[in-house]
Amino acid sequence: MAKKKIGIIGATGYTGSELVRILTNHPDIEITMITSETRKGELFSDVHPFLQGIANQKLVSINDIDKYELDLVFLALPHGVSMDFVKRFKDSSFKIIDLSGDFRLNSKEVYEKWYKLSHIFPEGIEKAVFGCPELYFDKIKDANLIANPGCFPTTAILGLAPLLKANLIEENQIIVDSKTGVTGAGIKAKNVNLYSNVNDNFKAYGLKYHRHTVEIQGILDDVSGKETLIQFTPHLLPVDRGILTTIYIRPKEKMNEIKLKELYKTFYAKAPFVRLRKQEPAIKDVRGTNYCDLFVTYDKRTNMVIVISVIDNLIKGAAGQAVQNMNIMFGLDETTGLNLIPLNP
Amino acid sequence: MAKKKIGIIGATGYTGSELVRILTNHPDIEITMITSETRKGELFSDVHPFLQGIANQKLVSINDIDKYELDLVFLALPHGVSMDFVKRFKDSSFKIIDLSGDFRLNSKEVYEKWYKLSHIFPEGIEKAVFGCPELYFDKIKDANLIANPGCFPTTAILGLAPLLKANLIEENQIIVDSKTGVTGAGIKAKNVNLYSNVNDNFKAYGLKYHRHTVEIQGILDDVSGKETLIQFTPHLLPVDRGILTTIYIRPKEKMNEIKLKELYKTFYAKAPFVRLRKQEPAIKDVRGTNYCDLFVTYDKRTNMVIVISVIDNLIKGAAGQAVQNMNIMFGLDETTGLNLIPLNP
Amino acid sequence: MAKKKIGIIGATGYTGSELVRILTNHPDIEITMITSETRKGELFSDVHPFLQGIANQKLVSINDIDKYELDLVFLALPHGVSMDFVKRFKDSSFKIIDLSGDFRLNSKEVYEKWYKLSHIFPEGIEKAVFGCPELYFDKIKDANLIANPGCFPTTAILGLAPLLKANLIEENQIIVDSKTGVTGAGIKAKNVNLYSNVNDNFKAYGLKYHRHTVEIQGILDDVSGKETLIQFTPHLLPVDRGILTTIYIRPKEKMNEIKLKELYKTFYAKAPFVRLRKQEPAIKDVRGTNYCDLFVTYDKRTNMVIVISVIDNLIKGAAGQAVQNMNIMFGLDETTGLNLIPLNP
Amino acid sequence: MAKKKIGIIGATGYTGSELVRILTNHPDIEITMITSETRKGELFSDVHPFLQGIANQKLVSINDIDKYELDLVFLALPHGVSMDFVKRFKDSSFKIIDLSGDFRLNSKEVYEKWYKLSHIFPEGIEKAVFGCPELYFDKIKDANLIANPGCFPTTAILGLAPLLKANLIEENQIIVDSKTGVTGAGIKAKNVNLYSNVNDNFKAYGLKYHRHTVEIQGILDDVSGKETLIQFTPHLLPVDRGILTTIYIRPKEKMNEIKLKELYKTFYAKAPFVRLRKQEPAIKDVRGTNYCDLFVTYDKRTNMVIVISVIDNLIKGAAGQAVQNMNIMFGLDETTGLNLIPLNP
């Protein structure tokens, strides 16, 4: 089989560099084009010097896209910008995996309320498939436009889906307490990712109004067939990458530890990247990989289920999940090129 | 007034060194004796070299205690060991502030169930006053034995007391999600505080069974006059010191942001170390100080109150609160020697 | 004695906040004015929220300076800006301690070569005293304008002065390998202090051309009476504050470990902030304090002297040394208000 | 070609887990046996839980080694223990790559002086080839026993070899100032790798007497044909992995920046893992990979050459270099299985 031709739109951020890092060793594709409007003409390794000698592609402009016969493009663009691209190239022959938030929500209205931006391409919202392979494998296979899930939502959705699907829990009393590494804030220097504001420090942010709240709720509504209500609080960890989400869930009736674990085992029997852990997982256990590690337990004393869900936000929370979606869209084995082993320590 | 004579029992841990750090500049006391059975004969600064030239006291054995006419001793000993000391010196003239967990719980039975140890001095449990000055100022003034609060309980109790006292919340649906620095695990090298197990990492531990659960519940029962039920989950942060606790609370009826903030303002009007913050506090905002920073907010969408509570676990969570208790017991101004300013960054 | 009236020019950076942190507990002065052109009208604690309830001064403009009868001002301004202030207020009655690099070098020419800026007030260079109390105590006492030393130079100068003064070493073969915390790069977010560029990382920078090279050489020339030649290489540590400098020195003749240590002991006999350490000092041993910790040793095998010199860059390397200079200028005990104890851990 | 059968002796340390991490994706070998005397019977992933589902080999005892027809074993044992194994299996058919220091030095005498241990198998010292492929490729190809280089020596040797080989520098005035991550101290919890002793901290250690001094000198003597003298000072960084070494070198005559860079380019023309960097490299630029990044420059002002040399201590400084040696011994391409891309950030 000829190698598939891949374009990466947006080279300067972490999503771009992670895509290149993963795809460089992928056996069935070739990176044909990487774009950057601000750095075009330079090498990819000028932007990311640690890739000197590894990824020396010359950066080009989006306007040159017609020169390449691309099979698929990844959009590593900020939200609000992705939708421009998708609209402009809606009739192109290449498939699109969008890593921004532009096509993840249920409607133009919800998007505009939570993102405080107008959505210029609601048609894309209709068409887009939410790229969570553990839930929507078959739809992804046939999709032309993937809305790649947000990092926090990936942890919450994978942590909650089995219980909601089985209709075992109160769907309007779910607490999602998340802790994320700093790369979630992007590669641009600002106060929130200034070293001395983060190092040896810890804080909550975005209380009550973080956009991922509604992304999580939208998918969980679909999974459960009911209206869910999520209290979502993100916190900023002094680590580069990784998200750990602690979820507190009220079961409808008393539960049983063994059956609870069995439920998750069955639900994820065919999911190569979900690891059901014997112990509480740590962020470093998945660092550099596409795994989502889950730990579930039931507290008889309080009648509460606790789920701990861990990912690398740049991989299962972004570039890795995107490659997983690409593999599915190309009919490849889901795990191709994703045989990444945790870098720990 | 003659300076009060102070003894510190247990010199090798962080609690010991923090007590010395704080008391060295305290105007009304003198450190008369510091004990260590394993390092006696050495200087305090041999054990903690960063105090070379600052704290050069010679370490002695507990058995020499009668040579000194002490007014008060701090016990910086592990739980299970403190009670031996308290029993042995129960008729001594000095007052005791115990920084271990040995006298914090309500009964011998509860202690033995959660600490998996037999309690050899239940009489002490009866006598001990829980050293939370914001709640028990008057009792502390007259106490001879103080059970200095645990670090996690300090954040949870100060975060919850106003709402429970006012009978505004469901007392059996409280979720306390805490994140602590590594010094909480003590100064002895072990897997849990091995650098490469902690750095760039994050995990939950002690799910469902952490001892501080029952310490929190005991005090909150007393505050509310009802039986509380707490789901407490600690997590380990890659930081040296600091605890941030996120508390999720279901109000009995719909609330109001302004009244909520007013309630806390009134409750802590005379508490010099509780700061009601305008923004979400970060751990470094209180580093090196005796402050407990609180932030409270109400989410109309979900009908939930969220409280964020932050301390330095070694200070307001241990040595600083102990000195605050000492000041009260001596009739000094509560803040004497505690004019510590956050080291940030 | 009436309290001295102090002004701090420049409130938004780390130097400003450290000055306030130290001076707030100083018994003999009061902070009368803090200026900020960009944040005037706001409170100091709006700019540095961790000081809420501690430092609530209202920020004013430099143009209001005549309203206050100041005894002394600290300039916490960038280099290139300080000289404007010094020139403008050269006839004022207040003394000035400038924390920038504008008046530290020997001449307008050297300044302009290494700072790539023209110097608008060379008269100030003539007048300014280099504020290293361990070398220039008497001159500082009578000075009206202090050039407060740079952070790296403080470590190098204190580490080398005894040997150079005694004429024991090759003055043109000195290697100064320094490692600094991130706060040295200032409070503004930029690539160099972006969390994920620093965390779990380490690199050299400014090879061959760092400005502090010539500041060190200038003072060492004065100490030794000869022309020194320094190879200075700074590196960036993933820590907030602290500098450790390793100095490699070729002695003119074979040396002796005991005499070497004796030399330093004698030289620093009256220096309250220089601690001659028994072991190799670590950065955290001086964190939050005005100490400079030194360790010296001789390697017979290679005929080399190694000196390790450690400070907190924001304190002995900036605000603390400035307060030490202020104390001397006011005839106070050098250590007043500087009884800071290391925060470790 | 049938896959080669590999044994790993010693499973519990970082070297063992890194070997497994690398070899798991190696196309031409299979991990046939992993031993641990303390954990035998357990799974490899019980010892390293982050490998759950990835490396589930059952650990066996060394005494079972005859059951497996091994082609090569890696010794991931402490020094002083490796030599027992090598002696015991000196007549076995498998090749040995020893990652300890037991066979790296020139003689029994030197070993015993610097390691303070008697060497029970001096015959092995004679036979062993120092596994630095950039210098000894041909010898490695034919070796049966490889002494895999130490982590610090790898940086120093690769940084210095071109200049020494060309006889351009003073061989007895070399200063090697190294900074290492914490994993260099091993996986066992002790004071040196206790989180709060390392975090936000930095210090020198092993001044004048570190064993790697003599390992570096031994190889450089061989490269230069002269007796070298190295001043080597290691420092401990608050990072997990990585070494950055700054080398100060006195040239015999004035040099030229361009020719200097050309010299290195020629010397390493065929070395796939040496990257000559355009800028000063940082530790994270090589994290998780087998690269050694070098930067060389000449300072006209001081007549000094500065070399900066960076590796991942667990990979190019241990397991990765060992796999590189294995590839050479098996006649495979040197880079097989080592197409690792830096994890940055």
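Letters A, B, C and D name the chains as they come in the text, with residue numbers starting at 1 for each one.
Criterion: a contact is a pair of C-beta atoms (placed from the backbone, for glycine too) under 8 Å apart; a residue touches a chain by one contact, two chains touch by 3 or more.
Quick caveat: nothing in here was measured; it's all calculated off a predicted structure.
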Which neighbours does chain A have in common with chain D? B, C
Going by the touch criterion stated earlier, list every chain that contacts chain C and also contacts chain D. A, B
What whole-number Å value describes the gap between the mean CA coordinates of chain B and chain C? 37
Chain A and chain B have mean C-alpha positions lying a whole-number Å distance apart equal to 40
How many angstrom between the C-alpha centroids of chain C and chain A? 46
So which stretches of chain C touch two or more other chains? 183, 196-197, 199-200, 238-240, 282, 284, 287, 345
Using the touch definition up top, name the residues of chain D that touch chain A in the complex. 14, 17, 21, 24-25, 48-54, 183, 199-200, 240-241, 275, 277-279, 282, 284-288, 339, 341-345
List the residues on chain C that touch chain A in their complex, please. 182-183, 187, 189-191, 193-200, 238-240
Chain D-touching residues of chain C, taken from the complex the two chains share: 175, 177, 179, 196-197, 199-205, 207-208, 229-231, 233, 235, 237-240, 242, 244, 246, 248, 280-284, 287, 297, 299, 301-302, 304, 306, 308, 345
